[in-house]
């Protein structure tokens, strides 16, 4: 898409959302058989799947920690997930996203329960449309819960941005491309920020306002996450097979 | 060579062979000093050399198997072995060829005699002209014997193919390029198939007929392999130095 | 620079030096805080920095030697050190330079004092102008001393070359590009040659004469090295902080 | 894999049964959904029993290979992602992934299911490059057949994105055959189609036969260390050609 | 890091002090020297306390990216060289180096401190490619701020080598802002700017705020596992914007 | 290597003998066969005692380097294949292979044995690229000299494949010198030429001297950790130049 003249008209964004409105979200917990825990997460056009293995043995041995689990996070984009085919394998962007995403989740995991072991989180981006790292963190948080990893709480994530001089929640691809700022945030239900990145242009006040907007978005997502977890458990208790 | 009009004329192939005739074969066992076993094998214009080291220690340690030897097979084409220089190092093709070639030989090796050790097979293609994987298996089989690795039997390999709607044994490069099917086969003297790949177009009946043709080819090669081994031992017993 | 008509006029080189004259040298020992020993060395326009860590533990374990230290040497050129940006990371040239430089220093290190440990030498070329390997060896020799590694002696290095049919000491970039021979040499104060490479064209007699010239250059450098070490210790004894 | 599990599968086999109740020549449920990735030119999600994968097809323009100046290019890649199995933990088992990708690729290429000459835009200069990427999400055995089905399903629904490259209207990828891969294993003398993960591991050796609409074979691959007899191979070839017809029919109904 | 050292730093902090005697919002000495590498188009040597690095800028012509045909290209690389710290021994900790490089890069890019459109030579064909390479020689903590300062200093003194490419006279790199990165850590509820290596390791989490001449923010990065509260973040943002002004002023005097 | 073996070689040396009965300045048998790889533009098989290698030369057209627009390109690669020695097991000892390749390369390049200007087809656009690949099959010591001989033998029998590239008739590679590498080791004060594998390992240090038809030196390389005295070096240089003449003469008879 070429740059549109306006990204917001009469207070409504090009995809019909209000400035503080999230894109449609679809969550399904426990979608994979082999993984210890898994979650499929759609965030607008973003489609990601997270899987968790662990606690399990650490290879190579020298990566073990004697008093806690090692948490590893691998964010990977499918070659077909974007307009122009991406070469398979990690690049500098995915290395950074993996690092900050891992750091967004580590604070809620009781790592000290599992010395010398690994908790492996794999996030596959099947389709990308701005917001894959936050979608991945949301999915991974549920996959950890699904794997039965003891956690202090879930983690929820979404971005806030600025387009046409207006703060908006949860940028889509066009807003990301043609907007003025993008700021992904992850937090725990009690408001602790576990991921914060920003690029673009924001005044100090805009930043503070934006952070509040992101926190509201995260709380909304947290509710959907809890509902998805409950649905999974309800299904289980009904004696249905988990597909 | 541009595609010729006919690859078979009056029942005779462009290089003068009948459909069920192998290319000239030249075998020499024990051609290297450092390797535990070795074999030079010419198959038409194909020139390959195989070396075997082992049983020997396995590095890295975690690759050891507690109740059997690990067999490793590395097929490698010299940069100068083909018309257009090949970049050195493994590519996807050589990884696949190494895998299926190893699997073609593993069934005849008494791996359980050598727990925690490795049997390493290296095949170097010095010149390639269609048929390097079968030439490599034939050479490796003899290099294993030359290294004194206990084996149930030798393994022999050759391809069968279809050109000008005719099944032919042991395709050369032009027949491979312009033919309709290529099917490399490896087998033990008692007819057990240890390698089977096919691409191109064959009817079910052609396949069955082709497989019989390949088996006959393998038996012919088996005789030459045995003769080469005997020659080596005879040479040894004559007290001649093994060159 | 395009090839000049003459590289030596009236016995004086383009940069004003006599044939047997070294470029200006600037040495500072102990320039880094984290490294166990370090040295900054300017050799004309060459700017290199060497750091030494060790003796310290060896990873991976299987690289340990049971009766002596392992000496490792990593020569690396900064991307910005040359006219046309160099891609980061080792190339074939830096692998060879690292090898011969390590071999130039190993003979003077009492490696047997530190079994199972590593002495790591890192040489970073910040600017290159012909002579980086010899500059690196000179710097590394002092960084080893600064790290307190027991040594039989220092090692000094410089190149000799032939330009306009004249033997000259310590080639600069233009002399290297347009000259007829380049011969880097490293030696101990008692005249043992620990590095010797040559390319270009020299008669047997020129070689012998050149080697003597290089030895004189090395002795000159050895004096400057000793002075730089003394300055470092003097500074220390004066109670000044080592910057 | 525990000895107990192995014994169980052997004992069932002797009674003519399989762990999931299937007949020896019966496939697990096949679910195929296409156009699941809107940003790809073609895509399919395949579930074959517990095995689950997504295939995406990306198409762009590029330069032909010097020796085939008037033909498009297809490239197949397959990733055994570490989320798909605990066995894939320490880096993907490159060898297996490479073999799977290459067999899927040959299945498409050798069956001539894509008319590569119709992928030529300007001979010697510009052709369509078709990238087939198989993303394995859950390994429940027999990835090979699932990947082959997914690749064909994704290709059959893919468009050449001509409008995006100012080359006129989008058109379907020119397909002319539907190769179907059928994989069998041999356990204790019995041939079973579509092996589950457990069956696959016990058997040691798989034989994949790829056949076309006309009943001809366009690809075969034996994978694994146990040898097979001629009789076993011939039996599998016949069974595979039959089964492929059945699968193809169902597939074309989608 | 020993428990003793940790306790020391905690105890000092409670008394309102730091191990090197600084105030909580005080930076260590900053020494910047430019044009230290004559063969680079721009360069700077930065010493921030014990942290020591060299930034070199190389500029050459190249092809623009297809989606920005009328803009130059900047690329930032940062090497955590093994000579800079015993922690970097067994291969550089790629993850940290990549993060640092990308944050420095975004700081320059997102602040629009370089006018990329002025780096275009022939739209769609030829543009200036600016390579910023950060060589870390000594890690004394807070590499991020030192690297950012070094990158800007090197760029401000860099020349487009037009004469070398037969494109007229050399001109300065078109700079229009001076983004300054300020990094803070939180230890036991106290915010400290410009963390030393020990402070950085105790804190676990850093927050970097990059701000511009107009006082606006052009980049932020939280790095590390401990969470931060909104209050802590807002405090750091305000402090960072103030401190950046101070640093920028001193910097522009150089 | 066992202490016993070392002692044996030392004791022999004291008596003026070598383990294989040679004089100190005597080479092992050299067998050279050319055109052994029909698909290469040039090739040679060299056996120097137990050392055995094949050199293949491939020649194709390509773009010259920007700084030498009117010269062809030569590139030398050497592989210490794991089949050549149990020491090469865990991945080739990259360092040694790189050094060998680079010394062979410099020997050819610096001796100006190939007239690179005659490898230019269209200045700045198209030149001949000569790839020299050394495949070491059996390591019996002194790979350096065997590889150098093989490279020269392969080049002297190589053709520029002009007809294949529609550039007229094939012509020989334009050679104008025959550099010969002679390698020596020092053991207990004694200089030995053409070291066997055992001698090489005991000595620790090799010195290679490459000399030309006019008796001049075009390359030298000390390899290994033991230092050498000026006297030893000068002795080796003289001996190497003499021996090279002898080898070159025999070589040119082939």
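So that you can tell them apart, the chains are marked A, B, C, D, E and F in the order they are listed, and the count of residues begins at 1 in each.
In this text, contacts are C-beta pairs under 8 Å (C-beta built on N, C-alpha and C of every residue); 3 or more make two chains touch, one makes a residue touch a chain.
Since we're looking at a predicted model, the values are computed, not measured.
Looking at chain B and chain C, the chains in contact with each of them are F.
The equivalent interface to B-F, defined as the listed pair sharing over half of its contact pairs by residue number with it, is A-D out of A-D, C-F or B-D. Averaged C-alpha coordinates give centres for chain B and chain E that are 58 Å from one another. Per-chain CA centroids place chain D at a distance of 49 Å from chain E. Taking the mean of the C-alpha atoms as each chain's centre, chain A and chain C sit 51 Å apart. In chain F, there is no position where the chain touches two or more neighbouring chains simultaneously. Multi-chain contact residues of chain A (touching two or more other chains): 59. Contacts between chains close into a ring here, every chain touching precisely two others. From chain C, proceeding by way of chain E and on round the ring, the chains are encountered as C, E, A, D, B, F. Residue ranges on chain C touching chain E, taken from their complex, read 32-35, 38, 45, 47, 49-51, 53, 56, 59, 74, 76, 78-85, 88, 120, 122, 124, 126-129. Touching chain E in their complex are the following residues of chain A: 92-93, 95-96, 98-100, 103, 106-107, 183, 187-188, 191-204, 207-208, 211-212, 215. The residues of chain D lying in touch with chain A in their complex are 36-40, 43, 50, 52, 54, 56-58, 60, 77, 79, 81-86, 89-90, 131, 133, 135, 137-140.
Chain contact summary for the complex, chain D toward chain B: residues 94-96, 98-99, 101-102, 106, 109-111, 205, 207, 212, 215-230, 233-234, 237-238, 241.
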